[in-house]
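Naming follows writing order (A, B and C), and every chain is counted from residue 1.
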């Protein structure tokens, strides 16, 4: 693999991604052959924001490869509470561990971490920005459940505006030919324009539909997501809209027998519990596919023996990113690094936020 | 072992329990032979209620068998805090792990978990209900320290009303012949009637005594437990009663030289520290016996390769359990499953609480 | 190694310390040869006061030797919160684990723990008292970066009054010949008299200087430490003094090219981030040396198979230590054990505090 760190799943080439999916399947079929491949290696899971699910998935992946784990899930217990910078924490842990999975509430943190870490860095979620191993989980599931990653009609339902898993899945799936995205949401929670631009620039297509029931019959895949109560204008609005996007047995009647239902989990009530017993429900299997995907990713990344921090030498600018949730806003020593995005716009290389000069 | 999950120690037959005790002793005598038997296997310790002691005992047991561990001890850091159901957490973790030990403040949680877990489930404590591996610890200790599990005179002292370790120990020991239970407590904190019924139905016997000093000379074993301050009507009552049930050197003078003192720990002040240096004190050795007991249990359970969740298909009823601390009260999707207990009474299959129709 | 427990680095003889440093270097050069030497052994990290850095360093060390880890970093989640004594916790964990690393906010805790632990105990920090593995980290770094441990001119800068790492480093380095300590601080934060007495009694020397810039040219080594804001009389005083003791590129101009900069970390702002890129900065490498030092220490201690708790049979006195932060003040069952320190003074064997009879 060319890239040392995995900040975004698009850091991987199409071929590299396909290789990881195939490796994930090999591990799944013959797990015993891989039970010692990471013996003597240590994964550090640095969770500045708790997420038991994701952390356990990474830990299980490493342990099933014969490796070991260190880490924290409670920043109050860490040196962070003594005012230590991200840079110092990462520099030290990068010296202890062979590979790092980091989750942080600020956007761009994994990219910033990769600038100081001797060990390769996996982004395990940076605020509302990216969560590439969730997308890896999704594509491993699709590959296995559908037999292909192209020419699929994929319904995406819920909060498409704020859902980073949705954005990331569209970005990755639009690199495969002939996929059609059916975007199912209220107008207020529809997919941002830049995601539509990505689809438009690809060999894929999309359609926006305001009703889950209406969209159902045409779908190969239904990707459900949570709608957070606080995204709605009022409780009344929430109750009204929410029911429309809840998947239950009744709505499922219109679906194809071969359709597969995915969900990044945790689920709250957007899928009725009775759907769990439908054969089309694949969201629990999905977490197991995710474990194999992470095993394949860790194994592949550890083949790279480069222990040099990524200098990320881009043209730097004497500006601060204007995204208030960008890691460069709180970690002041980080240089302002941007990509010119046309006109007077700069794109932050940490959080991908846009700043007007 | 016939049972896949261990919710209650009585899930094991008399023979199965004896086999586990014998295996525990084999491991204790030749630990090196067992250092790799669980290589490649993962134990998840899901502690919704913190208990470092119990968690460390399970972790140590798995590590000494060559296995690995994942888990949490702080539900605030888990997906639970995002409103995830027990069912979903268990379904996912049951896909990651090979065996689960679960502790939860609500009664019946381990039973409910076993309905959704591919991995076998060990009850590591469900509210005030059951704690079978503590009882396993107790019987491994008794077997080794007394040389037998029958024809013992066992004093049980402290809060016998609320102490689940006491109830569980009596239930298990009354399956062996000729044991006599000396129940030492205040009238307010005496053993519940249903426990007395169990003894009466067995080949064992019991006697109630209000004084530790008086009971002492006849005992083969003294099983001490904590009396929680909040169980008493007043602070005055606590101080008065508490001293009567504190074991110290003075009270110990009346005991046999061969008597053994057990305690499930943690101890607060119901055993004076000076007693620790008496040769009859076995409560610290007891924790080590517990580790070997858990090793034997894990090893035995992992021989069962059944990965089907226990459907617990009992006659279900359109009722909710009336125990306010039953897991079925908070996890609403759980079906009401009961056993008819005579008359208009139903016995909840989660928490064993009684509900009047 | 003669001593079973490592409470203070001076528990090791000069020869034993040198052997551990050499073993650390062997492990660093040929790590694969040591990847299984602690297979089947368990380290318990009992952190009553969180310190991710130190805990991770111990965990990494044990895992890289092929051992396993248990432990906690949050006393609220432990039996401690049920009122359990240190003695009981240690007795139980000492039965589970093969070696214990303990950190606690009270002084003397590691010494007290060693009285009840079957497993050998490493002091991972006891309040403001001792932190021997930090000092081991420092000397492994000095040995490798300077090629020797004697005849060095070592500047120590910052809060020399309260900095336990400084005291401990001076105690250890003054056992080697011809070292000169340049003590750089404000008069209010200067080294305590008893440390000066130790230097005076050795074959080393010291000098006190109030300016980092002035001291710089003569130094072989600069050991920087944090000055905590709350140590100053006022915010104004802090700002005034603080700048004087901040290391930046400008102050570094006066230093020798061969000088090495150390810091126990975490760093807040007493070293400017730009210094990190100077070749003389060795504080991040220092953490890696520390990992090898801890590996060598653990490996050496585990060769000792003595499982008897250290009785610490010293002449005891019917007194309590007068240090309010001594562990013997809160754990009441601990006997008062003292060494006569001349006149009417007693030296507490837990915290080394002085009590006037």
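One rule holds in what follows: a residue touches a chain if its C-beta (ideal position, glycine included) is under 8 Å from a C-beta of that chain, and two chains touch if they have at least 3 such contacts.
None of these values were measured; they are calculated from a predicted model.
Asker: Residue numbers at the chain B-chain C interface: does the shared fraction exceed half, giving same, or fall under half, giving different?
Answerer: different
Asker: State the superposition rotation angle between the two copies chain A and chain C, fitting on C-alpha atoms only and giving a multiple of 5 degrees from 0 to 180.
Answerer: 120
Asker: Between chain B and chain C, what is the separation of their C-alpha centroids in Å?
Answerer: The mean C-alpha positions of chain B and chain C differ by 41 Å.
Asker: Give the residues of chain A that touch two or more other chains, as numbers and ranges in rising order.
Answerer: 74
Asker: What part of chain C is in contact with chain B in the complex they form?
Answerer: Within the complex, chain C contacts chain B at residues 39-40, 42, 44, 68, 70-72, 74, 76-85, 87-88, 91-93, 95-97, 333.
Asker: Residues of chain A touching chain B in their complex?
Answerer: Touching chain B from chain A are residues 32, 35, 50-53, 56-57, 59-60, 63-64, 66, 73-74, 265-268, 273, 276, 284-285, 287-288, 291.
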